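Each of the next two complexes has chain A plus one other chain: chain B in the first, chain C in the second.
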Partner chain A sequence: MNIIKFELLKLRNKSRGWLGPILVFILIMVAFPLTVEISNKDLDQSFFAVLWIAVLLVMMLATEDIFLEDFNDGSLEQFAISDISFPYIISVKIFIYWLLIGVPISIIGSLFCLGFTNSGNLAINIFPILLITSYIFINVFSFGNALSLTKGSVLGTLVTLPLLLPLLIVLGKAVISINLNLNYLGFVALLLGVLSIIIFLIPLIISYIIRAHLE
Partner chain B sequence: MYQVDRAYSYIFYVSLVLYLVSIFWGLFVTPEDFVQGNSYRIIYLHVPASFISQSLYIAMAIASAIFLIWKVKLSAYLVRSIAPIGAITTFIALISGSIWGIPTWGTWWVWDARIVSTLILFIMYLGLISLHDSFSNHEKADKFLSILVLVGSVNIPIIKMSVEWWSTLHQPASITISDKPAIDLVMLYPLFGSIVGFAGIVACLVILSSKLQILRRERNKSWIKNYV
Partner chain C sequence: MQPKVKATNLSYKINEKKLFQNISFELMAGKAIHIQGDNGSGKTTLLKIICGLTNQVKGEIEKKLDKQICFLGHKNALKQYLTVEENLSLLNIINHPDLKQHLIEFGLDKSLDINLSSLSFGQQKKIALLRVFLNDSDLILLDEPCVGLDTQSQNYLCRFLNDELEHRKSILFSSHISLDINSEKLNLSDQV
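Let's look at the complex of A and B:
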């Protein structure tokens, strides 16, 4: 419980870490209609394309220094040898990032969805999908970040980005099914399935990578 | 190592001859396709290339697992040396598919599940190479590369099954293990020959590339100095 509170306070005090990505997300969502014609009827069609890409890029931005600061000041090394299991600490870290960045982005995203499509049904249905997706994205990008930890570059996240592209296909299909009033729960179940695998595997893999970095 | 060199040149020439004979057979001996006309003949390049590009990734994943579990250094060299060859074969598969797309689909490129997932495979190969080269410490680079290869292997079943899971423009596989082939035997024999020939050529390239990798990494060891 202590570790959750500790991580939460640490991220909350670093407002650049969590407020920055949220602001970037809002800016993308506000700026993209300016590039298309205002009267364009297809705005709600392209909205979802921009939404998923914005979530993807913002999560990439958000995880940029998830381990870097702890690595530089040596606390990651202390975590690695402490009594509490190291993968657990990492999963807590990722969870806190999702709580402070992923959840607000999901809420803002579904509000934008309401604004763009004028459909309350769509906005409510898109919310859980956004929650699950942002959690998956944060997990995978944390993995990428751990890979290039000492480099301090975006290379690791760029390398893991292709892994998420099949997920975008699923998201596109889910939106189409919601739009056509079809049963979209299958897609939610698929996303949940992916999440349930990732949520256990990624912290284990990351702890292995970080231990290799610390050697 | 000297015996490997000799065996390697035999495999290379046999595969080259096999591939050239199959191509000749496929281009000039087999009849025209009822639906696609002469354009189908590109399968003698396209199918081997896409088949090998996925197989190379699986080979990389197996080598990575061997490296991570048993710490066999040679398999880490193998992973690094397969990556560029995999990128090239994937590129050949994409380009030949594009060329085939013009007469049959009327377009160079569609955003279709099979094609996009193959493109992702190509980007993955490039990413793996750039990740490995970004580290100056080779031992760490090997470790991270192997982990990424293993995690990235989730893409392989997605590519394989994409033609069945999504409704795509790309035709489903013509040859499967369980069913009777959907392709006539006259066309199948040269196709089979071209796959085996192509695989042999690529295997030789992998051997050559990993040999280079070993020489480069172990250049300060005494046995390398004796060999060279």
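Let's look at the complex of A and C:
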């Protein structure tokens, strides 16, 4: 099976899988200013906290059935015995999910940033951070989903959630740096470093976990 | 000539319950083995061990294969919300020159634009079998391939598998019913 064609065709026919998380993200970002009665300045301050939490929750939602359906219908069995490397198949699956959900959310998140902060510079700077962060989130939550593949997705994602708390701290510091016009590239480099490790390690671990589930 | 699959003293147990022990066999090119046994005797597990999805507790298994294994288990690896044509496209067999002939034999040539969920279990099994029919593998593993199939389709499957044996392919299949396939018998119920 051509894995890229497989995933794209699957997600094209199952728009709930990728459109749902994007709509939830938009809903959170639109609902946020409606629920608080504070000045524009305060809104600006709390925007980023809401942004990161929204990305986190939406990525958790997006990966809910990343493996479950393929596990139930036997597609994962076929992938596991195919000639193509299983970790490669997993990484492509995660990449396609990120492409269809993470990238649009990064673009929409930047647009909301522009709307809330009235700062084009901030919106441009936040875009690569959103791209990297969403990819890290989607990888980690995929790991969580693989862990609890036969026991419901919530359990696994809850277990992996604490792994992302240090990342949220880094994101907060990065936003402060951008706001104070300090050099924030160090934080981007740190995020890229984390991503470069995760991008290879997580699919490898997931492949072992799924093989254990298939036994 | 070297066997395609050589199993030596294979044993498997779940917790402390032994499914089978010390199973040995050789599967040569152009030969078939019919795995028999009661429910829970380990037929599916043995097939999964051979295709590498499960690890045996004891024993060795050697495979000398030039191509990918073709395995059809209890799960069909088909998407219920896609049409038959889209599923065949996912399986990469939509452009196979022999596809039309098999679809006609199975009575599915007019069902290409129908959602898989609208088809019966037997018809879905036939779609899954097309992957076996149009495979380019030298080892075919089938787990209860006749479940849900009508007599006509069972006969067609047997004719196809006998043809594949003549083309030097090796076949391992489990089935509760007796099939008209030139095969050796391996009874797991005798091996505990």
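Observations
FYI, the second predicted complex is superposed on the first by the 210 of 215 C-alpha atoms of A that agree within 3 Å, B and C clash if a C-alpha of one lies under 4 Å from a C-alpha of the other, contacts with A are read in each partner's own complex, and residues count from 1 in each chain.
The rule we apply is simple: contacts are C-beta pairs under 8 Å (C-beta built on N, C-alpha and C of every residue); 3 or more make two chains touch, one makes a residue touch a chain.
No experiment lies behind these values; they were computed from the predicted model shown.
With the C-alpha superposition on chain A as described, chain C and chain B fit side by side in the combined arrangement. Contacts of A:Ile169 after superposition on the shared chain: chain B is touched, whereas chain C is not.
Of the two partner chains placed by superposition, only chain C is touched by A:Leu214; chain B is not. In the superposition on chain A, A:Phe6 makes contact with chain C only, while chain B stays out of contact range. When both complexes are overlaid on chain A, the residue A:Lys151 reaches chain B alone and has no touch with chain C.
Judged by the touch definition given at the top, the superposed model places A:Ile205 against chain B, while chain C stays out of reach.
By the touch criterion defined above, A:Ala80 lies against chain C but remains apart from chain B after alignment on the C-alpha atoms of chain A. When the two structures are aligned on the shared chain, A:Ser106 is found in touch with neither chain B nor chain C. Of the two partner chains placed by superposition, A:Ser142 touches none, neither chain B nor chain C. Shared-chain residue A:Ser134: touches no atom of chain B or chain C. Once both structures are fitted on chain A, no C-alpha atom of chain B lies closer than 9 Å to one of chain C. In the superposition on chain A, the residues of chain A touched by chain B in one structure and by chain C in the other are 215. Only residues 143, 147-148, 151, 153, 155-156, 158-160, 162-163, 165-166, 169, 205, 208-209, 212-213, 215 of chain A touch chain B when the two sit together in their complex. By the touch criterion given at the top, residues 48, 51-55, 68-69, 71, 73-82, 86, 89-92 of chain C touch chain A in their complex.
Touching chain C in their complex are the following residues of chain A: 1-2, 5-6, 9-10, 13-14, 72-75, 77-78, 80-83, 211, 214-215.
Interface of chain B with chain A (complex): residues 113, 116-117, 120, 123-124, 127-128, 130-131, 134-135, 140, 143-144, 147-148, 151-152, 154-155, 158, 166.
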